[in-house]
Amino acid sequence: MDTIGSLIPTGMGALRFAVDDIAVPFLALFAFLWLVSGAHAWATTPARERGRLFAYYVPSAIGGVGVAVAADAISFYLCFALMALPAWGLITHTRSAESRRAGAVYLTLTVIGEALLLAALVLMATGGDSLLLSEMRAGAAASPHAALIVALLLGSISLKIGALPFSGILPLSYTYTPAGAASALAGASVKVGALAMIRLLPADAVGADWVSAVMLLGLITAFGAAVMGVLTTTPRAVLGYSSASQMGLVLIAGGVSLGDAGATALAHGAIVAFALHHGLAKSALVLGADVAAHAKGRERTVALCALALPALALVGAPFTSGFVAKYALKDAIHLLHGPVPEAVYALLPLTAIGTAALMLRLFVLIRRETVGDPLPARPPVAPWALVLAATAIATWVWPAEWNRHAIESVVSPDSLWTATWPALVAIAGWQAMRLIPAVVRRLDGVVVPGDVLVGLTALLGRFDDHPRSTQVAATPTSARVERLRTVLTATEGRLLAWTTASTILVLLAVVLVTLALS
Amino acid sequence: MTSYLIYVAGGALLYALGTYGLLARRHLIHKVISANLMGSGVFLILIGLGNRAEGGPDPVPQAMVLTGIVVTVALTALGLAIIKRYYSATGLTNLDDEPPAGERP
Amino acid sequence: MLLDHLPALLVAVPLTGAALSFVAGHRRAPHVALVTAAAIVALAVALVARVLDAGPFRYAVGGWTAPLGIDLVADGASALFIVLTAIVGMGVTLYATAYFRTDDETAYGHGLFWTLWLFMWTSLNALFLTGDVFNVYVCLELVGISAVTLVTLSGGAEALRAGARYLYASMLGAMTYLLGVALLYASVGQLDMTILADTLTPDVTAATGLALMIAALVLKTALVPAHFWLPAAHGSAPSPVSAALSSLVVKGSYFVILRLMLYVIPVGYLGGTDVALGVLGSVAIVWGSVQALFQTRIKQLVAYSTVAQVGYLFLVFPLARLGADAFALAVTGVLVHAVSHGLAKAGLFLASGSLMSRFGHDRIDDMRGAARSAPVLTLTVALAGITMMGLPPSGGFGAKWLLVSSALAGGAWWWAAVLVAGGLLAAAYMFRLLAVLLADGDAVLGTPASAPRTEWVPLALAAAAVVLVAAVPLITDLASASNILIRAGVTP
Amino acid sequence: MIAWVPVAVPALVGLITLMLGETRGRARNAVNLLGAIGSSAVVVSLVRSAYAGDTFTSRIPMLPGLTFGVSTDLLGLLFSAVATVLWGVTLVYAIGYMDHARDRARFFGFFAWCISAANGVALAEDPISLFIFYEVLSLTTYPLVVHNGTPEALAAGRKYLFYALGGGAALLVGVAWLASIAGPTPFTPGGALGAVAGRNNELRAIFALMVAGFGVKAALMPLHGWLPGAMVAPAPVSSLLHAVAVVKAGVFGIIRLVNELYGPELATSLGVATPLALLAAATILISSVIALRQDDLKRRLAYSTIAQLSYITLGTALCSPLAAAGAVAHLAHHAVMKITMFFTAGSVYETLHVKKVSQMPGVARRMPLTMISFAVAAFALAGIPPLAGFASKWLLAAGAAEDGSVWAVLVYVTSGALAIGYMVPVLTSALRPGKHAPAAGPESDPRMLWPIVAVAVLTVVFGLTAGLPGSPTHWAITAIAPSFGGWTP
Amino acid sequence: MSEHRHRTRLLPLTAAMLMLGVIGRAILALPTTGDGLAVPMRAGAEASGIPNVITAVLLDFRGYDTLLEIAVLMLATVAVLSLREDPAALSRRIAGGAGPVLGTLTRALAPIMLLVAGHLVLVGSSGPGGAFQGGAVLGAAGILLMLSGYARPAWASRRAVRWVLAVGLIVFIGVALYPLLSGGTLLQYPPENRKDLILLVEALLTLSIGASLVSLFLASASSTEGGGRR
């Protein structure tokens, strides 16, 4: 009986927050990024629009920070929602039609994701006797609904991190968002998916098939998103698909974490590593792209050069954060055996080719891009610089297990080569593409931000803006009723005629007598 | 064969005749007369059946008939008064709730 | 002891009132009627108390007990109908003092309404008390003549035509009934109901006679298909008359059917007649309601509502053969229904009359906005509607509940279905009316000088019907004190 | 006799209101407000007694073998308290809303009568008494539905009646049938039908009839048709009656039916609970999807109400203690959430004559406090913690999961998502710049504004205090526990 | 009133024939003898001392029927009066000119008719006769007087007319209620003044019935047609 009692949320007292080992890196990352991005956003937003922007930005940031330290199901769900829902206001800040559509898609998918999350939380809570995430996760393996729980969680996480086929959600949400906010979304918000993997995905709850399937999905997302990103036409969209691609890698780690406990520990390391690395690097790219786009002449060149650092980090070049992250991931995958993990392990370096191509495309697009709306002030450089610095250092100096192997092997030629050749392949391929300009031109912009989700946009547009009003239909029955009235009234009239009526009565008397005598 | 049956049979015939008249005749006064026929029929039946008693006729049916006659007279008077008033108000001699017999489709 | 003579006084007092009101002339007749009405109410209440105290009792007129003389029988059922008549009659009388107020001496039958009305009251009381099947005939004719004349009171062509139809129907009924009595007497040689009940043996002539009597009474009660005279008569009579006709007069002949079918005639004696009556009752509920729904004039609607409500009264007969439980419940239920319908229908007709005189016409569709300018009348219609529909807490609900319980206790769910469907149909036509009254409209109606009597009397009647469920224990006691249940040996 | 007070006081208030007539507005307002405050106080004291274990019962003999009675048990008092307290709030709002309306005496009179009937439904001690109040509620609502007197209102009224009386008829047959086989069956936690447990087919039929009866007011599909149309009524009616009193009477009936008449065990073993649950689940999903497409704000809210009512039905039909408690808690929670929204809709209409979602741009700037309240309620409805809706939804979903009805969990979370889907567009539309400029003075009549804020605050408070003694959640758990054999969380 | 041709209607005819069959079957099922209440009635009549058994039934055993019957008759009068079109019909003398023959005849007949009426009432207790018969003769005399123009003074006051019409019934009720004072029931005449009471009632009833018949005649004689030529 007592076991159920703790399931009942007892007021705000039930909300538990804890700064535990898992929370620390995410807390640091989220707090830092939301602050710095906020500074950028503050500086680049016209004063009269600041209120509107920060009305959404601040709750979202609070939710983001909160979700990192949330220790129980309710507070996790609360902070998750608090972070995700107001982001709609950031995406639609420009109030353009496209942004509204993007907002609608974002909101729809987010809400679905939350619903899945809630269902999973409810099911996990029911199996055990506690609402604490750690215990719920531990107990989930024993739940009769373990597979369903995992499926629900994966669904929710996939929506958050933009795994295929939902990759479009990320480019959609970055494309129309002001740079500062986009930086927070891309750097921090998406990483909540990674946090959820660690906090919620139970180890050893489902079979190896699941592990393989999730890993494959991650790998496909990594490649697929990269391909789509290359074919888009705005820097933000490229960055969005890049995020999806990178999060595909995280999803591979998530898949690994579903395996036995040993692999889980390593996988969690990889996830944290990727979260730190990608969060900082992507934020740096978003902010940098904004700075570069509004810079001129030499400043622009300098900015583009500085932008190369996070770009290289994403590719996983030696001495960058990406190098650390990939090492951690490889270590985790290496632990698993079987055809799929081994295949994933073998193909993993190739993802770097895609990322490299994305980065090349990004630079091309930034250079092509003309300055958009005049800003009240030029984008500040300081926040960007801070993020750049953090990108360069954070993963290397973070006191944890997951960067030890990378630090140890950073100078080994083998690893250097492994980290470098994909970029070289990508550059080679890029040059090769120049030989077929017609094809390139045709491919340019084949993918619009949001890809398959755009169809959903159209669908949602109906619901959102001007839903068809359902009018009360004029009563078509009235004519029929009228006819009925005529018939009935006429019948009654005939019945009332004296001769008919009195004859009927006499006959009735005869019938009654007959009945009485029967 | 017993004699009371003659009265009774006559009464029954009168009653049936009156019934037909009340049902089918359109003229209002015809209807009143028909109803009186019915009444007479019932009275005949009553008297006739009362004569089955041994040792002289049963007085109860006779008393009933006397009362019945008064009631019938009252009804007839009322009927005539209404018909008269109705005629002077509408000029009609029937209830006008159905087309005349000859014009029925 | 005066209380022993209550049955005699309940006939003699209104009859005296009738004669005196005739002598008094049209100016003083209302006063005579009011005094008489007050006296009858007191007597009726005393009768109820007496029956509840001492049970049913017989009153031998002329000191000759049946079979020589005529016995008056006061039991729970007759006391109930008499007190209903007294209450409704008092309401109608009060209302009429305002309704018939006119300086034209020739209007409304030269002021003879009061005399006719008191004659009718007399005859109803006599009908509820008599224990003799031939005396029933005389009472019925008294009722018939007074009712027909009252219908024609307005003197319009339509009223006269309705009166003529009503008269012919009465004649047909009277002759059929008398023929039935003749055959019954010829076979059994008795006229007293109690003796008849004890001596009836299976016999063709007696059964034919009884069946003819029932047929005649069915005509007077206007059970479909014998309802042909009712809508016109009740619809074209002056409103107080309509109220009395619909709520009381049909109950008079019905009361006799009730006594004959459930007290005099043993179960199964008349074959399937009871089921046939139930079926006709069901048809009446549906047909009357549907016709009511399509009426365009308010009093026609209310009149057809009576056609439908009368149908309920006949469901008791098939239910009564379903065993002791069903019998007791059905009889109690039908008594409750008779009372609640009597009160509500009187209220409804009186309210309709007030609405008509305030609007100056009787077209339902042109009565928009009445709720705003005549709220009391609208409320009356609504309250009466609640009873018609059988919704709680009205007496109609109590009745429906008891009848449905009876049907279910007897395992005959189809009668329950009819009852429930009837309630819905009643809702359909009542709300058709109410919806118009509640519709937005700017009918500016003059306030009649006699507003208190023409508005509060109907309201009181309808409200009484709505809270009647509180009186159901009393009605149950009266039902227990009715010869029908005593003879059957059951209590509700 | 104290048990009758929650029923009698509003009834008396209604009567006085009608008798005061149209012109004496001040007296009318005073009588109504005093009545609301007074009966709220009585209800609160009854609740305290009930918590202490003292329930009052009072019966009046009615038909042969039949009594008409009320009992102040904790479960009934929850509904009663919701209706009575919100009546007071709505009165303030309505006085503002109806300031220039016509037929106010009629409006307030019937309004009070509705509350009286709703309290009767809440406190009725057996199915028959409940049925009686249920029918009275149907009737007293009708004049309010057709209050405007427009053809549209009349059509809606007709439809409402058609459904309500049809349902009432089904209920009548069910109740009468039950009485004929089981005699008097006062509601008893855990079930009152032990004596007739063997007559399974009859019991199934009775259950179906009674569900059909309650289902009309509970807007269980396909019996929901009247509710969207009934939105033509003035906003206070939609707010209190079509979000709280009337519709909740239906679901409350289902709660009584399942938990205290049949009892969860019997309902499960008869196999009647699962079909009801499936019907409720279908209702939730279908009506949520329909709500997405409504442009008329009140219609959108109406479809949302249909879905939310089925939350309660589903929770009850699952026959799991947690879900049942969640259902009862949701009864209170949904009341405050939905009343906020209807208040808002009415306020926006009355102030700006906006009734469609597509006409709303600019409203948020013109009426910020109002729309913030709406947003709070909307998110609560969608089940965002820590607002009221989340607490009950959590209980419902947890109960479903505990019961092993995973599909029900999915239904709940899906509909939560859909709720955001139909609520957020209202907010986004209101947030868009539009023709309504920020007001110089107060954003609306203060008598309308502050009730909105008050109920929105309640929404938050109910969520924040969920589970603490005295909160609706705790109350619901305490009230529902006896039905599950003294289960304590 | 116009004549119109009548065509036989099949359905009503069938109904009437079926009714005939019903009656026939019922009657043929009866035994050929049946005493009904004849024996107890005759015994009762002897006991009560009324020589004519029918009179005993009418006035004594079933006197209640007769009371109501009188009510019916008065009611019919009231009804017809209420339906009259001419308000003055009751108080207006039929403006008839009695010719020499009629005048003489009337003068001769009227007293005889009065006598006959009185006789009929007096013998009513023992033989054929009674208030109805007497009333009919009286009414005929009245109508004759009206037609010949002799009866004008009697109809001067409408109140008086109403009293005459109602007095029979009123006295009948009074007499019917009178036994209540001495512990009897309605219509249970005390044996000592039984005969006087009955005679009083019969006499006044004769007057009222006669007046009723005259009123019925007069009420029908409206101003537009019939006797009301002007």
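Going by the order they are written in, the chains are A, B, C, D and E; count residues from 1 in each one.
Everything below uses one rule, namely that a residue touches a chain if its C-beta (ideal position, glycine included) is under 8 Å from a C-beta of that chain, and two chains touch if they have at least 3 such contacts.
Note that the structure is predicted; figures quoted are calculated from it, not measured.
The chains touching subunit B as well as subunit E are A, C. Of all chains in the assembly, those touching subunit B and also subunit D are A, C. Ranked by how far their CA centres sit from the centre of subunit D, the chains are topped by E. Comparing the centres of all chains, each the average of its CA atoms, the largest separation from subunit A belongs to E.
The chain closest to the protein's centre is D, with centres computed as averages of CA atoms. Centroids built from CA atoms put subunit E at 106 Å from subunit A. Centre-to-centre spacing of subunit C and subunit D amounts to 42 Å, using the average Cα coordinate of each chain. Chain geometry summary: the mean Cα position of subunit A and that of subunit B are 97 Å apart. A straight line joining the Cα centres of subunit D and subunit E is 72 Å long. Counting partner chains per residue, subunit E shows two or more touched chains at residues 9, 12, 15-16, 19, 22-23, 27, 30, 34-37, 41, 62, 65, 69, 72, 75-76, 79, 83-84.
Shown for subunit A are the residues that touch two or more other chains, namely 496-500, 502-503, 506, 509, 513. The set of subunit B residues touching two or more other chains comprises 15, 19, 22-24, 45, 49-50, 52, 60-61, 67, 71, 74-75, 78, 82, 85, 95, 97. Under the contact rule defined at the top, the touching pairs of chains are A-B, A-C, A-D, A-E, B-C, B-E, C-D, C-E. Subunit A makes touch with subunit C in their complex at residues 485, 488-489, 492, 495-498, 500-502, 504-506, 508-509, 511-513, 515-518. Residues of subunit D touching subunit A in their complex: 152, 155, 229, 292-296, 299, 321-322, 356-358, 379, 382-386, 390-391, 394-395, 397-398, 400-402, 404, 406, 409-410, 412-414, 416-417, 420-422, 424-425, 428-429, 432-433, 464-468, 471, 473, 477, 487-489. Taken together, the subunit E residues at the contact with subunit C in this complex read 22-23, 25-27, 29-30, 34-37, 40-41, 44, 60-65, 67-69, 71-72, 74-76, 78-79, 81-84, 87, 158-159, 162-163, 165-166, 169-170, 173, 176-177, 180, 184-189.
Residue ranges on subunit C touching subunit E, taken from their complex, read 5, 8, 11-12, 15-16, 18-20, 22-23, 25, 59-64, 67-70, 105-106, 109-110, 112-113, 115-116, 119, 122-123, 126, 134-135, 138-139, 141-142, 145-146, 148-149, 152-153, 155, 179, 183, 185-187, 189-191, 203-205, 208-209, 212. Contact residues on subunit C toward subunit D in their complex (touch as defined above): 329, 332, 368-369, 371-372, 375, 379, 382, 386, 389, 391-393, 397-398, 400-402, 404-405, 408-409, 416-417, 420-421, 423-424, 427, 431, 434-435, 438-441, 469-470, 472-473, 476, 492.
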